[in-house]
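Both complexes below contain subunit A, partnered by subunit B and then by subunit C.
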Partner chain A sequence: MLSKRVIPCLDVRNGVLTKGVKFENNVDIGDPVETAKRYYEQGADEIVFYDITASSEGRGIFLDVVERVASEIFIPFSVGGGINSVEDMRAVLMAGAEKVSVNSGAVKNPDIISQGAAAFGSQCIVLGMDVKRVEKSEQIPSGFEVVINGGRKFMGLDALEWAKTCEALGAGEICLNSIDADGTKDGYDLELTKLIATSVTVPVIASGGAGHPDHMVEAVTEGRATAALIASIVHYGEYTIPELKEHMASKGVKTRSTW
Partner chain B sequence: MKQTIGVVNIGSCCNIFNISKALNFIDASVVIVETAEDLKKVDKILLPGVGNFKHALEDLQQRELIGPLTEAINNKHTLGICLGMQILAEVGFEDGENKGLSIIPGKVERMDESLELPHLGWRKLKMTDNKNILFEGISAADEFYFMHSYEFKNDKVAIATADYNGYNFISAVAQENIFGLQFHPEKSNSQGIRILSNFYNL
Partner chain C sequence: MLAILDYKAGNQTSVQRALNKLGIPNVITSDPEELSKATGIIFPGVGAAGQAMDELTSGGLDALLKDLVAQKKPLLGICVGCQILLDYSEENDTKALSVIPGECRLFNPSWVDYEGIPIRVPHMGWNQIDLKQDCVLFKDIDPEAYFYFVHSYYPAPEEKFIIGETTYGRPFCSIHGREGLWAVQFHPEKSGTPGLKMISNFYNYCKEVKDA
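Now for the complex of A and B:
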C-alpha cells in the first residue's frame, strides 16, 4: 500500500507566498523559498507551487522563484500557473520542477495535455481543476462546474466529464480544488473528491478546505484521494507537517514517516 | 579533496538540472559530460534518469560516446539513476528490442501490465545487501521516490528490491565499482541525499 501523500501548496502572487478564502481577499504570508524549505525539512512528500495570477494577467510564470525553490528541496515538486504551451512546460521542467500543472491553459486548448504527455511522459503532466458547485443541468449533469482564470471565469464545462477527458488525453494525475471549500478550513468537498477519484484511474489529490487533520484523513478514506493538499492549516503555524502525519497515522492512514 | 562528478547528458535535459542541484548541495563539483573529452576531466560518473531507453542509446551513438563512456564506466565509480541504470544492461525492451551498454548483465523489461504504470510514489527498500556502502545510514523504514514503468531484471546483481502492490522488483544493483538505483535519490529527501553522499565519498 502506497503511503498517502501530504502536499503543502504554495500560492504565489508577485513572488510572495499568499493565501485567500474562496480565491479572494488574499493575504501575503512570506517568502515562498523559505517556506518550501521549511516544509521540505518537516517531511512534506511533495510540494505544489502555483503562480496564481499568471493566467489572469496573461503572463508567464516566475521561473526564478521556481529555480530557487528547486535548489533547496529534494522531493518532487510541481508547478502551475500560466502554462499554455509545451514550451511553457519545458521552461518549468528545466527550471527544476518534476511535474507541471495545467489548468486554464488546458481548458482553452486540451491538446496541450497530449502534447505534454508525449514530450515529457504522463507522469509529468498534472491536470489542475478549479471546481464550483452549481445547479445540476443538462450542461452540468454532475452539478460541479470547471472555472478558470483563478476562479474568475465559468466555462460551461462539467467537472466529471472534464476529468475523464483529460485522463484520456494523458494527464498523469489530477489536482482537484474546490473553490467553495478553499481557505474555509471546514474540510474538503468529499462528495466532489469521491466523485472524481472513483471515476478515473489516475491519482487524485484533494484540495481546498483542510482545517483539521481529520479532514485529511477523510479526504484519503471517504474521499478516496491518494494525497491531501494543504495550505492554511500549515501556513499560519497551527500545525506542523509531522503533527498532521502523526494524527493521520493514529487514525490508521499510512504516511511516510522518516525523512 | 573535492571531487568532480561527471553528469552525463544522455538526452534527458530536465533531470540533469535536478541531479546537479542535489550534487551541488553535498558540495560536489559537477561537470556536464557532452563529449569524450569531458569524461577525462571527471573523478566519478553519474548517469541521470528520465527519458527513453532507445532514444538514450541512439543519442549516445550519434555523439560517438558509447565506446569512451563504456571505458570510463569500467574504470571509475559510476552511479546510474533510473534510465541511467537501465542503459547499463545488455538489452532493453522499451520501443522494441534495443542493445544497452552491456556493462551489467541483465535486461530491462516493462513492469507487469496488471500494475498501474507508471509506478509513481514513495516506497521502502528491501535491502538484500544492507552492508553495501551505498546504504550506509539508511534504514528499512526510509522511503524513496520511484517514477518508472520499466525494471532491471537480474537477481544476481540486485542489492535491494521494492514492493509494488505485491509485485517485487529490483530497486538497486551493484557490480564492483558500478551502482544503479531505480528510484530518484535527488527527489528522495535527506535519505536520497545521504545515498548520493555515500557515493560521492567512495
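Now for the complex of A and C:
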C-alpha cells in the first residue's frame, strides 16, 4: 500500500538554510546540504527546497547546492523559487532535482506548466500555491485566494479554480501552502487542504502550520492530503522524523517505516 | 563497467549519481560498441512512452537493444524503460519493443485504496513489493522495504514474467522479466538504501555472468 509521505521543507537564501514566520523575519539556521543529508538518513520520504534568494549571484550558489544535494541523497527532491521559464526548470533538473515547483512564475504565465510538462513530463512539474483566506466573493467564490511574492501580492485568483486549471495544464502534484497557517505551529488549514485535495486527482502536499505530529495525521486523514510538509517542527529539533512517523503509524497512518 | 543507455527521454544523471556513490564504474552512452562491451546495461526512463520510443527508434537503438537482449547481455529497465520493454503501451498508443510479452495500461481512477478512497493518478510515493518469484536483485533486501514510484501507467506482462507485485487500488506488476533481464517500475536510484542495494546486486550479477 502507498504510504503517506513526510517531507521536510528547506528554505535556502544565498546558499544557507533559513526559516521565517509568514515569509518574514528570516534567520539563518544551517547548511542545506548537511541538513538534507541528515533528514535523508533519518527517513525523510522526499525533500523540498525553496530558493528565496533574489539575486542572480545567489541563484548560482543555489544551483551548486542542488548539485551537491543530488550527490548525497538518493530520494526524490524538488526545487522551487524563481522558476519563471522552461530554461529555469531545465537548470534545476539538470543539477539533479527530481521535480521542479512553479509558483509565482505560473501565475504570471500559466503556459509554463504545459510547456514544462511537455518537455520533462507531468511527474516532475509541481504547482506550488500560496493561499490566503479572504471573504467569499464573486471573484473568489471559495474564500481562498492565491497570493504571490512571498504572500504579499493578491492576484484575484480563486485557489480552487487555479488548482483545477493547473491540473488540466499538466501539473503532476500540488504543494498547497496556507499563508495564514505558515509558521504558526497551530496545524494545517484542513478546510483548505480538503477542498483542494478532493477537487483534483493529482497528489496534494499539505503545507504550513505543522507544530505537532497530530497535525500531520489530520492533514492526511481529514485533509485528504497524500503528504505533509514540515519545517520548524524538525529544524529546531523538537521532533525527529522517525518520531513523527512512529506517531503517525500509532494513529493508523501508513508510513514508510524502514529505509 | 555498466552502460547507462543514453537517449533523450532518460534520467541518466540520477542513475549515474547512484552508481558513482556505489563506486561502480559506468558510462552514459549510445555507442553500439560501448554498449556491447559493457558488463550490463541500465535502461532508464522518465516522461512518456511515445516520446521514449521515438527517441529510441530515430537513433536505431531499438534494434540494438533487442540484439543485446538476445545475446543475454544483462539489462535493467527502470520506469518508462521498464514499460517499453513490453509489446505495447496505452500511453500515446505506443508500439513498444516487444522484448517481454505484455502491455502497459493506465491506472483506473475508479479503483479505491485501502481507505475506500479513489486512487490518485499518478501513483506517486513509497510502496512495497510482494515477490512472486525469487530474484537476485532482492538479495539481502528487507522484504518489507519501500521503493519510490511515480507513474500513471503500469506494466501488465504475461503472467510467467511477473516477478513482483505492488498494491495500488489493486495489485499490479511492479517488477517483471527473467534472469538477467529485469524491468522495475519503481526508481531504485531514488529509493534510498534498499534501492542502492538493488543496483549493487544487479552489478554483482553482471560481473558474475561475465566471469563465468
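One rule holds for everything that comes next: the second predicted complex is superposed on the first by the 250 of 259 C-alpha atoms of A that agree within 3 Å, B and C clash if a C-alpha of one lies under 4 Å from a C-alpha of the other, contacts with A are read in each partner's own complex, and residues count from 1 in each chain.
Note that a contact is a pair of C-beta atoms (placed from the backbone, for glycine too) under 8 Å apart; a residue touches a chain by one contact, two chains touch by 3 or more.
This structure is a prediction, so every number in the text was calculated from the model and none was measured.
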{"item": "Side-by-side fit of subunit B and subunit C on subunit A, or clash", "value": "clash"}
{"item": "Subunit B versus subunit C as contact partner of A:224, first or second or both or neither", "value": "second"}
{"item": "Which of subunit B and subunit C A:172 touches, first, second, both or neither", "value": "both"}
{"item": "Partner chain in contact with A:70 - subunit B first, subunit C second, else both or neither", "value": "both"}
{"item": "Contact residues of subunit A, present in both the subunit B and the subunit C interface", "value": "1-3, 5, 40, 45, 70-71, 74-76, 94, 96, 98, 120-123, 172-173, 201, 203, 256-259"}
{"item": "List of subunit A residues in touch with subunit C within their complex", "value": "1-5, 40, 45, 70-71, 74-76, 94, 96, 98, 120-124, 172-173, 201-203, 224, 226-227, 254, 256-259"}
{"item": "Complex contact set, residues of subunit B against subunit A", "value": "13-14, 17-18, 21-22, 24-25, 50, 116, 118, 120-123, 139, 141-143, 145, 147, 165, 186-193"}
{"item": "Interface residues, subunit C side, partner subunit A - complex", "value": "13-14, 17-18, 20-21, 46-48, 109, 113-114, 117-118, 120-128, 142, 144-146, 148-152, 167-168, 187, 189-196"}
{"item": "In the complex with subunit B, residue positions of subunit A that touch it", "value": "1-3, 5, 40, 43, 45, 70-71, 74-76, 93-96, 98, 120-123, 172-173, 201, 203, 256-259"}
